[in-house]
Every structure is written in structure tokens, then in C-alpha cells.
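I've put the structures underneath this note.
Two complexes follow with subunit A in common, the first pairing it with subunit B and the second with subunit C.
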Partner chain A sequence: MLAISIGKKLVRAVAVLLVVTFVTFCMMFGNADGIAKGVLGLDAQPSDVQKEVVKLGLDQPLLVQYGKWLLGVVTGNLGHSFFTGQSVNEALATRVPVTFSLVIVTLILTMLLSVVIGVTSAIYGGWIDRCVQFLTVLGAAVPAFIIGVALVFAFAVAIPLFPATGYVPLTQDPSGWSKSIALPVLALLIGSVAGAASQIRGAVLDVQGRDFVRTLRARGIRETPLLFRHVLRSASGPGLTALSLQTIALLGGAVFVEQIYALPGIGQLANTAAQQGDVPIVMGIVLVTIVFVLIVNLLGDVANAALNPKSRVR
Partner chain B sequence: MRSNRRRALLALSIPISAAIALSGCTSGPSSSPASTAKETLTLGMTADITGWDPSNQPAYQNYPMEAIWDTLIRCDANGKPTPGLATSWKISDDQRTLSATLRTGQKFSDGTPADSAAVKATFDYAANSGAGSARYKGLKVEAPDATHVSITWPTANPLIVLNTCNVAITTPKVLATKSFTTPVGSGPYTLDKSGTTQGSVYSFSKNNAYWDAKDYPYKKLVVKVITSDTAVLNALKTGQIDGSLITTSTVNQAKSSAGVKIYTLKGPETTRLLITDHLGKVIPALGNVDVRRAMNMVFDKQAIADKLYLGNAAPASQIFKPGSDAYIAGMKDPYPYDVAKAKALMKQAGYEKGFTLTIPVIANTGVDQLMPYVTQQLGLINIKVEQKALSGPNMYNDLLGGKYPVPLWPLGNYGESLQDIYDYVLQGGIWNVEHQPDATVDGLWKTITMTSGDARTKAEQQINTYITDQAWFVPMAYPNSFYAYSSKITVQPTSDYAGLNPQLQNFK
Partner chain C sequence: MSSRPTTESVLARSRQPRRRRPLIIRLLVNPLGAITIAFLLVVVVLAVFAPLIAPIPPNATQLSDVNALPFSPGHLLGADQSGRDVWSRLVWGTQPTIVGALIVLSVSVIVGVTGGLVAGFFRGTTEATGNFLSDVIMSLPGIVLLIALYTLTGPNIPVAMAVFGILVAPTYFRLVRAVVVGVRSELYVDAARVVGLSNVRIIGRHVLWAVRGPVIIQSAFIIAAGIGIQAGVDFLGLGDPRQPSWGSVMQDSFNNIYNNPVGVWWPALLISLTILSLVLLGNVLRDELQSIGVKPLSKAQQRKLAARAGKSFGRPAPQHSSAIAVRDLRIGYPQRDGEILEVVHGVDLEVKPGEIHGLVGESGSGKSQIAFSTLGILPREAVILEGSIWLDGQDLLADRKKGAKARGRKIGYVPQEPMSNLDPSFTIGAQLTYGLRAVQSISKKDARAKLLALLGRVGIRDPEQVFRMYPHEISGGMAQRVLICGAIASDPDIIVADEPTTALDVTVQAEVLELLRELSRERGLAMILVTHNLGVVADLCDVVSVMRNGLIVEEADVESLFAEPKEAYTRELLDSSRSVEIIEEAS
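For the complex of A and B:
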């Protein structure tokens, strides 16, 4: 049953991948002359521009270009940047770890903190709940890039505890890596926790009010096992959905945060490539991003199915 | 309940502890100060290069180009030639041929000699395949022996020196295979691939065998791509970089930062409207000189310099750089700010009711910030400005393609004003987007090609007088640029004719 459910989700995921990449390709299509001139320089002669258009394969029909790209995806060759000649695989290999470091670390911390805060707020109520609600609204209202600017000023410039810019790869120096992402992660974390904690609080409150919980309590089940075995399991669906949505928001937030901290992630690369019309790079980034989001959603669905058997029959 | 609270608090403390551990906030930043004296120079670059094709390097913040490649000759701040790979040169009387003698013993980073064969291959590539090949089309290169080369243009070329000093020399093999993933040059530095991440940071090691190695005192050069103003300033303040161009929006903060100095580049650009439709073929009104003059008279240049540029600009009534050959010192502004007179001129021209003008705008170029003022002022003489936002891969194609005959742009003005004339005034000039012919300009350019010295300067100034009289442009201001740098290093005045940023050899 679970296997069939996962199989269906995988098929849907592939369909989403194809639709999104095709739509993106369509949006990038039709700028052949501009791209070729960008590659050659503004002084380029029209005849040279035309030669470059042919060389880059931009003279071919949309479906042919898309088909070639898709074939490349299947064979693991995502092409080369029109502008730098760098292999897309290589470009992504250096950039993706940066952005995904931010997103994954923030997501893990979001999961831990938002569950604790949301559950605590829902269980205890009172002034704790009111404080949490206030802080989550505040956290969700202030954009990540503003928090990022404030953090860099406070903890990198005024009090130099962390680096103001730059990224140290994890494989090079784990301690340096953690310091280089501390402030960017914190900038993303505040809004992310605020959003997810609020959703989890709502889900827990909803489940706690249900008849089966009252029945279990009446039967003498203690609060702790009631909470962990029954309430959280039933609330896991909305909670995991909230976390999946946070992933998408984090990817968007990471683009701005990368600018503030000069992190060499895919956000910066995507911005430049989109402006230039560097189709292979843009498509590579879109592919990686979609795959990541789909995997996170799939893992969320699997986790939900594991935690909450009722979701398996849907 | 109490036991549950304790457990809840314990549960809460675990992720918080994890967060603290992961964030490593028990010690200071890992990146050490940017440079030990003469060891490493770390510079910021606000825009990335587009790969390692030597013929397609930016003129602005061209640190990687200057690091990797040498040129046959260098051009000084006034565009005059100084030694490069060539120790001596001669320009023929007909201004078509540059003959050079190369220095011996120079090698590329792959060990092959930097000789006349390499120079020939590079110029041949520039003429046939390179970016900007229009400037080198039709030229012939002869290399009679390893240390002599002559480059001949098809017609007289007053820009023979500037064109030559912009060509970065590389090996015949690189050009034949068009293998541009790893740059090969004979310049003051070589690329250190292990410390380089394309688009983020470029590391270079000093080439001690370079003929001018003493002029580049740093053993290592690191160039970081930092596009955000905020990030640049923060990196400077925390010592992560030794220098970078900054903008007007952050210059005051930089000035007040300890350990940060500012080098002001005076007016490397001229903000202007380019009225390229002098014949009125696209917008008939623009074919009338009174209309163009009226457009000049609705802009208060002093107010633009003081208020829009916050005092970081000088008013401009000529497009040329003060001190360049075409610039006329002491020329009174022929179009002082006078809205009433402008209205009278429009009435005289028969355009009292005005017309509609579409001006293209590209975000974050400075143009977008000027547009409200330009729109307001032209509105005073009933010229209705419609902004057209350009973006994406075709934006420069559209900007320079002739669709919009009056671009607004802060364009570079050069120490060698011939380049300005070539780019902005001649019919084929890249920024003369309507490419309309003019017999007077053509005649004066012909004089320039056939003369030198005072006669040439006179012809350049005659062009200036003519285009000013005919109001081909609406010059507004010479905005300053700013280079912020650490007090631990020294920055000499910029030594190239574009003057957009200090060159690598200016850092001591």
C-alpha cells in the first residue's frame, strides 16, 4: 500500500519536473541574438552574431532544443555555460552545496525548534502561548534579508564574532563552515520557525480537541504517551506540510541572504544567468531546485505515512 | 504537570544546544585579515567576468585580465603608448601600421615563448573571431621573426594605439582550440585553480619572471566577486578585502569607517541624454536643432550635481573628459538652465505642444534613479516621457538597436577623446544608435585620420564645438566614482585611459 502510494507520488513528481522545466525553457526561448551578442560583446558584427547563434544551437526549434537538453539530463550531461564555457555540472557542484547548506541546516533547526515551540505553546497555553504567538507573527513579518542585514551589522561588523562575507566549504574546514553559515542560517531561521511553529501549534490544538483524545484521556492514558503516541502523530500531517512549504520559502529567502553575505550559492548564479540568458545554467539550477523540493515533499509524505497510518489510505 | 514542564524544558534545550554548537558562536570569525603586507592583495569586484576568452574581457574592473595577460603596449591615462610586451614601436605616417619589437625571454604560463607568433595569432583571432572584432576587421599581421611584428589596418586608424593596447596576448594553441576554461597568459600573475571558484573568487600567484614584476609587489592576488553594496562595505570594514569600488549610497558610511580610505575617481563618466536622431527620421521633432537645444535648457546641471548626486559630481556642458584633447577648457555652457527660453525655442520650432519620447531604462544602472527628474523636466516643455523597462538577455540589444533614439546613460569619457568620438559621435559608433550620417563629422574625422599633434587636437575640438552647437547630446554631470581601500595598502592614481578604477599596478 505504502509502496503503491510512493510509486504514484514518484510518477507525479516526474510529471511536475517535466512541466516546470518545459515552461522554464519556453520562457528562456527566443532571445538568440541577445544571448549571442552578450557572449561576443556589444561590438560584435551581425555576421558573427549569427554564427554564434548557430554554434550555440539557438537557431533550432524549441522542441528540438528542449529535447536535446532532456537527453542531456538523462545522460548526466547538463551542458556548458554559454558565457564562461564552464560545465554546468561543475558550476552546480560548487554552488549547490552552499545554498543547500543554508537550506538544510535551517530546515533541520526549523523542524526541531518549531515542533518544540508549537507543541509547548499548544499544551501550556496562557502567557507562554500568547508570547509565542506574538513572536511568531513578528518573526514572519520581518523579511529574512532585513534580519540578515541587522545580524551582519551586529555580529560581524560591530562585534566581530562571525565573518561578514564568504563561505568556507564543510570539507575544507567544518569549524569555518559553521561560522560562515551561522548568521545566514539565523537570518532564515527566524522567519522559518515563526511560520512552521504557528502551523504546528494550530495542528496540535486541533487534534487535542478531538473526541478520540478525550476518550483516551478518560481511559487514563497519561499526558506524555498521549502526546507522543497519539496527538503528535495525528498532527504530523499538517506539520510536515508546513515544513515542506517552508523549504520552498527557504530557497527563495536564500537568494537574498546569499547577496548580503556574498555567498557563492545558486541564487547569485541564477540571477546572473537569467539576466544573461545563459540557458544551460538556468535549466541546471531549475532542475536541481525542483528535484530538491520534490525529494523533500516525498520524504515528508513518507514520514507522514510512517507516523500516521490513516494517511496511507488516502 | 511539573514533571512534564521539566521534560518540555529539557526537550527545548536540546535543539537550542544543537543550534549553538552548529553556529560555533564560542569563537570569533574564521577568516583572517585580508593581507599581510606584500603577501596577499584581496580585492572586491562588483561584477563577474564572463569567462576566460581574452578577447572578451570587461574594461571595467578588469583585474583578472590585467593579472593573466600582457598586451603588446599599454596605454597610459591619456591613451599614450607605454611599453608592454613590446619594448619599442613605430606608427607609420599613414596611421595604418604599428611595427613593434618584442622583449625577449617572456614566457606564457604553459612554458611556451611569448613571441611574435603568439602576437600574430592573437590579433588574427581578434580580427576574425574575437568579441569586438569590428575594430580589428581586415587587419593583417606579419611576423618576420620571433621578436618583430607589424599590424596593418585596412584604412588609417587614429585609434591604432588604443586598439592595440586592448588586445590580451595568448598562445596560438589556446586560440586554435578556443580552449578558454583555463587562461594562459604571460602577465604578472597566473591563475591558481585550487583557490578559484568561477563566479565567486579568483586566486592568482605572482609570476616572478614577468618583465615588470617589481611593479606588482604582492605575491598573491585574490579577487572576490561581491555584488551587493552592503556586503562590499561589510567586507571592507571587517578587513576581508583590501579594496573595492563602492557607490554613492555607501561612500559616506565608508568615509566614517575606521581603517578605510577613499580614493575619488573624478568624473570618469558623463551622464547624458544621447539625441541620436538628428535627422528626425524616427521622431521628426528631434530633427529640429531648436528642439534639441530646448531639451538642453530644461536641466539645471548644478542642481543635478548637488542634489541628485549629493555633491559627488560636477556639472557637465560637454561630453568629453576635462583635460582630454577634445575638451575645450573655459567653454561657456551654451545652454544655461532657462525653462522660459526652452519653451520659446519649442514654440519657434513649431513643437509648442511637445511630443512623446520613449526612454529605455535598465534597473540598477543609475538611470532609473535619474528618470523621475528627467521626466519632470522634459515635461516642462511638453515632452511626454514614457519609460520602457528593459531586462533579460536582449536588453542591450534593444538599448543599442535603434528602437529608442534617445537613451539616457552615464557613459565613460576617456582620457583619449578619440575613443569618445568613435563610440558616440561617428555614424558607426556603438552608442550612436540611429547611425545617421553627418558630413561635417565625417570631414573632421578624415582630418583626424590624416593629421597628428595640434592639427588633430584642433579637429577634435571642432567636432566638440559642432556637436555642442547642434545639441546632439544633453550632458548633465560628471559623477565621481569611489574606490574604498584599507589603510594598510596604498593606491596610486589610476593609470589607464578609461579611468574607471585603479589598475592592479596602482596597488602598492
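For the complex of A and C:
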């Protein structure tokens, strides 16, 4: 049952991947003249534009172009940048680790903090709960780029504790790395903890109101084991869903944060590539993000299925 | 519906606001609502009257004023690195920001609401397709797609905002679909269909009315998201460089942060406060439109309330040797306006050892409240205003720890709805064993043996197999037997059974009642049996207390109650139950 449901989810994920990349591909490669003009400059002669279109292979039917691109994806060749000639694989290989280290560190911290904050707030109620609710509204409402700028102002300009820009690879210098991602992670963390904590709080409150919790309490089980063994177990499903949605939101936030702190990740690359009209690079980044999102969703689904006895037995 | 009790209905009643004033008045009376609306009005005025308000054209540069400080002459908020007036640029930037947010709102409302209405109303494949699309869109990283879009369109904020509108449309879709599915199953839509109204008119007349509240609330959040993303896209430099906007002012000032550190404050504050106002207004709207209202009180507040009620806990113990005795019990629920809705008004109840005591009455008469308070499992919102519950010479209400100790050990609980009262994440065996070992020091092996024997006793045919099963794998009747087994496993003196047969099939009902009778006799168990069904009372009970509006109006042994009811209300109850029986037999 579990294997079948995972298989189904996998098929579905591949279908989503194909649909989304196809739509994006058609949108981006549909305007062949525009791309060629972008590469050559706005005052290029029409004949040169025509030549460039042929040179870049943009004169072929879209479906053929997409097929070629897809074949490239399968064989591990995502094409070359229109501008630098660098292969997209190479560009991504240096950029992806930066973004992922940012997202994954934030995600781990988000999990720890939001579970503690959300559960505490739901259990204790009273003024703790009111404070948490107020702060989570605040934290989730203010966009990541504003928090990022505020942190630059506070900890790099006003009190220079951290470097405002630049990235040090983990393998090169662990302490430099942690310093270089401290502010970016904090900028992402505030919003994602706020978002996840309020949803986890809601999930715990929801389970606490269920009939079976009342019955277990009436059977003499104390509050602490009741919380850890029964309530949190049932709340973990919705909690996981909240976390996987936050992960996707983190990927979006990373685009801004990389721009602010000049981190050489895929978000920053996407921004520069998009402004240049470097379609193969942008397409590669869309692919990487979609795959990442699908993997996160899939992991969330698998964990949920594993937690839910209905899909486990028989 | 009327057979479903009571605690829920009490809460629901206490949630209804007393007076219905127009929404806008209620928003303005609420301080948070008034402040946020005022701030948002200022923003709208800035957008509409920008040419009149802004002192200088937004792109006018003045080299002498480069990086001018805030409050310097001619520049309220200072000037940027090109000598442009920051205040004027922010004022001029308001309109495109608002327009962008409105594009997001209208596209997402049109796409999401329409999709939700269609999916919810026609169900089937339409709904499945809609759900699939909505899931896919929800899992897309929006900003990455907006960046990709830039390669296609160049700096074109309206198109980007329209695409973002589609990306957030699933929130409306899911919301509206859920509401429509709910409304659809309600009777009045069926009635409308029977009368011969077309689908379109049904959607227009009834469903749109039902979804308006949630849609209005959600819209506040969507506008906030729209402003955030628009400012973000401009901040990344993907907007039109010639047109000032909040995001582009932010970008300029950020690039200049080392020369003019305060410069980033103004756009950052304006964007954050606007978004915050919208989100807070959304929360106020939710409170006003959905009235989720009553918050549980803290312990200190509960004590204060009980003290204010005038009398204290801990009156002397009753003389009789009863299994359990309730004295002067008063229970209330705090309302939104700070008053307390009292639902149990001073009830005395006494159950002798081995006695099956029926507690009957209509929905909302307070019977479940009494049952829950003997177990200490009232909803968090409830407040015990006064009274005592005596068990073994101790007042369970005066000493919370004693109350907690009696729970499960001396008093067992059999709930109403069997399926929702078992934890779906654990096997039957695991949750029974864990519950038993929480109140008795008994080895796992012994607990298992005891529970298997008991499962057999309550009529489970293959205890070993059921032990390994999950709640979703067994029937309602079996689940109720499992719950009875859980209640009696720790050898309590009293069982509180709250409508133990209401949710079961008629054939199973009789078996479960018979089982309860046998167990009571075998073990000398006293029982408080909460029910609205006088048939059950006649069948099972020794003594009956009739409840009405939070009071016990009559108490008598079962024969004399049925033979010569003293109270008019009891007679009414008996008559109506007989006529129900006649109808049931006839059908």
C-alpha cells in the first residue's frame, strides 16, 4: 500500500515536472526574434537577427526544441549560456550549493524553533500564546527582503558584526562560512519560523480538541505523556505539510536574500540571467527549483504516509 | 441534529455575537480595525492625489541635494544619491503599487473563485482536475517564475502581477470549493433545485452569499501579498526604471546604504506598515465575520470568576455513603462581552454504589456538562463557578490533583461517538495497554493478558487479532466495545457513559446496553448514563434525573417516574418520546 502510494506520487511528480517545464519552455523560447535581439543588441539588423535565430536553433518547432532540451536533461546536458558560452551544468554546479546550504540550514532551524514555539504556545495559552500570535503575525507579514535590509542596516552598517556581502564556501573555511550565511539565514528564518509556528500551533490546538484526546485524558493519562505520545503524533501530519510549504517559500525568499547579501546562489544567477535574456540559464534554474520542490513535496508525502496507519497496513 | 448533544451547541451559542451591527461600524469600533483602516485610507489618498501631495516631480534631480538628510529644507524624508526627493518618489510610487496589488487581487479572485465554484458545484472530474492544478500551482516557487517571465516580457509589472494573481488563486479556489461543498449539501440548495432553479442561479443566489465572508477576509491577505511581491520585484530591479515605486525607492536607498544609512527606513517602513495593516485588518475581519470568539481563560482568571460569583468551593461532605455526589454545581462559559453564560445552575446529584443513574433531557439541557465535570474533562473554555463533587470523602473540584487521580482509576468514561474516540495513530492494543499502565502498576505482559480477557468479555470475538488492528479497521460497534473495555480495565467504581448508544446501529444498541447492564451487575459498578432516549432509561436505569435548562427538575426511581411523573416537563418528555416510538414503529 505504501509502496503503491509512493509510486503514484512519483508518477504524478514526473507529470508535474513535464507540464511545468513545457509551459515555461514554450513561454521563454516562443519569442525567437526577441531572444536573438536580446543577444545581439536592440539595434541589430533583421538579417543578422534571422541568422542568429538559426544559429541558436530557435527556428525549429517548439516541440522539437523542447524534446531536445528534455533529452539534454536526461543525459545531463542543459545547454550553454547565450552570453558567456559557459555550460549551464557548470554554472549550476557552482551556484546550487550556495542556495541549498542557505535553505537547508534555515529549514533545520525552522523545524526546531517552530515546533518548540508552536507547541508551547498551544499548550500554555494565556499571555505566552498572545505574544506568540502577535509576533508570528508580524514575522510572517513583513517580506524577507525588508527583514534582510533591516539586518544589513543593524548588524553590518550600524554595528558591524557580520560581513554584509560575500560567501565563503563551507569546505574552505567553516567559521567564515557560518559568518557569511548568518545574516542571510536570519533574514529567511524570521518569516519561516513565524509561518510554520502559527500553523503548528493550530495543528496542536486542533488535535487537542479531538474526542480521542478527551477520552484518553478521562482514562487517566497525564498531560505530558498525552501531549508527547498522542497529541504530537497526530499533529505531526499537518505540521509536516506546513514545513514543506515553508521550504518552498524559503526558495523564493532566497532569491531576495542572495541579492541583498551578494551571495552567488541560483537566485542571484536567475536575476542577472533574466535581465540579460540568457534563456538557457533561466530554464536550467527553473528546472532545478521545480525538481527541488517536487522532492520536498514527495518527502513530505512519504513521511505523512508513513505516519498514517491507514496507508501502512494491508 | 437535535440528538447530537450539547457541549458543542453550548459553545456555538456562546460564540454568537449578541448584536448585529453593520460590518463597517463593528470594524471602526474595534481599535485595531480603526487604526489599520485609517492608515490604509492615508495610503489610498496618497495614491489618488499624488500630483497634489508630492512637492516635487519624482524624477527631478538636484545635484546640490544629493543624499540630503531627512527633514532638511525642501526634503521631508531627505534625498537619494541622484538628489531626488524621497518623499515625492514614495508618494508617486504609491499608485503603481496599489494598482499592482489590485491586479493581483482581481485576477486571483476571478480565477480562484470561479474555479472553486465550478469545482465545488459539479464535483467529479472537474473537481479532481481543479484540485490537481491548484496543488501544482501552490507548489511552484512564484518569484522564480516571475523572474523567468521577465526574460519574456521585460520590465512589465502589470503582466507580472497578473501572473502572480494566478499563482495565488489556489487560496481562493480551496476556500471557495470547501464552502461550496458544505453549502451544497445543505438542504436549501436541494430545495432550490427541486423548485427548478438552474445551477447558475443556485450558485449566484445561495453559494456566493455563503462564500462572501471568507473571500473578503482572504482578500486582505492577498492584497498584502500583492504589495509585498510587487515591491520585491521592483527591489530586484525587474520593474520599469523610469517609474518610481516603493520597491525601486527601496532598491536605490539600499544600494546607497553606506552613504545614507537612514534612507532605507522610509520605503521599508511604508511597505511593512501597509502590509501589516492589511494583515491585521484581515485578522480583525476574521474575528468579526466568523466570531471564533471565546478564548479559554487562564487559571487565575477562572479563580477570579469563581470568586466573583460570590460563593466558594469546599462545602462539607455529604453524609450518605454514595458512590459519587455532586453538590450545587454551576458551570458557565465566558462570552465575548465578558459576561458569563451559565449553563448549569446549581445541580445536586447523588449516585449510590451499584446504581445505574439516568440523566435525561433535551440537547443543551446541561447533562453532558455534568458528566464531563465529574471526570474533569470539560472544554477549556468552561468555568466551574461553584460546587463540589464528592468521591470517597474527597472533593474532586477543591483539589485538582485528587480529581486527576480519580480520573481513569475510580471513574471510567464511555464516550458517545466510538470512531472518533480512538487514537487513529495507534493499534487498539497499544492504546489500551498504555492507558491501563498509566493508572496501574502492572507489567506489559499482565496488562495484555488482562485486556485480552476483557476484550473477550465485552464481546470481541477474536481479541488477539483486534489487539493488533488500527481503529479504522474495525466497525463502530466493535469500537464501542473496545472503549467500554478501556473504561472498565482499571476496575473503576463508577462509569460515566455519555450517550453510549446514540451513534450505533439499532441492533448493536441493544447489545451494548445489555453489556453495560451485565458489567454493572458483575462488578457492582455505579453508572451515570447520559441520554436523551427514554427507552434506554426504561431499559437500564434504576434512578432517573430529568434535566431542563441546566437544572434537575425531577428525580425519581424509574418505575415511579414512568408511572406518575410529577413535573409537567417530564410528562411532556414522556409523551413526545412515545409519539416518536409510534412513528418509528409505523415506518
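By our rule, the second predicted complex is superposed on the first by the 294 of 314 C-alpha atoms of A that agree within 3 Å, B and C clash if a C-alpha of one lies under 4 Å from a C-alpha of the other, contacts with A are read in each partner's own complex, and residues count from 1 in each chain.
The working rule: contacts are C-beta pairs under 8 Å (C-beta built on N, C-alpha and C of every residue); 3 or more make two chains touch, one makes a residue touch a chain.
The structure displayed is predicted, hence computed values, not measured ones.
By the document's definition of touching, of the two partners only subunit B reaches A:Leu40; subunit C does not. In the superposed model, A:Gly85 makes contact with subunit B only, not with subunit C. Of the two partner chains placed by the overlay, subunit B and subunit C both lie in contact with A:Gly277.
Contacts of A:His230 after superposition on the shared chain: subunit C is touched, whereas subunit B is not. After overlaying the two complexes on the shared chain, residue contacts for A:Asn31 are found with subunit B and with subunit C alike. In the superposition on chain A, A:Thr289 contacts subunit C only, with no contact to subunit B.
Look at A:Arg219: by the touch rule set out above, it reaches subunit C but stays clear of subunit B. Contact with both subunit B and subunit C is seen for A:Val157 once the two complexes are overlaid on the shared chain.
By the document's definition of touching, both partners, subunit B and subunit C, reach A:Ile260.
Residues 31, 34, 149, 152-153, 157, 259-260, 274-275, 277 of subunit A lie at the contact with subunit B in one complex and at the contact with subunit C in the other. Contacts from subunit B toward subunit A in the complex involve residues 4-5, 7-8, 11-12, 14-16, 18-19, 22-25, 27-31, 48, 50-52, 55-56, 129, 131-135, 137, 180-181, 197-201, 224-228, 230-231, 234-235, 237-238, 240, 391-398, 400, 430.
Residues 16, 19-20, 24, 27-28, 30-31, 34, 125-127, 137-138, 140-143, 145-146, 149-150, 152-153, 157-158, 209-222, 225, 229-230, 233-234, 245, 248, 251-252, 255-256, 259-260, 267, 270-271, 273-275, 277-279, 282-283, 285-286, 289-290, 293-294, 297, 307-310, 313 of subunit A are the ones that touch subunit C when the two sit in their complex. Within the complex formed with subunit A, the residues of subunit C that make contact are 136, 138-145, 147-152, 224, 228-229, 231-232, 235-238, 250, 254, 257-258, 261, 264-265, 268, 271-272, 275-276, 279-280, 283, 295-296, 298, 375, 377, 379-380, 404, 407-409, 411-413, 415, 417, 420-427, 431, 434-435, 438-439, 470, 472-473, 483, 486-487, 490, 496.
Residues of subunit A touching subunit B in their complex: 31, 33-35, 37-45, 48, 81, 83-86, 90-91, 94-95, 105, 109, 112-113, 116-117, 119-120, 123-124, 149, 152-153, 156-157, 160-168, 173, 175-176, 178-180, 182, 185-186, 223-224, 259-262, 264, 268-269, 272, 274-277.
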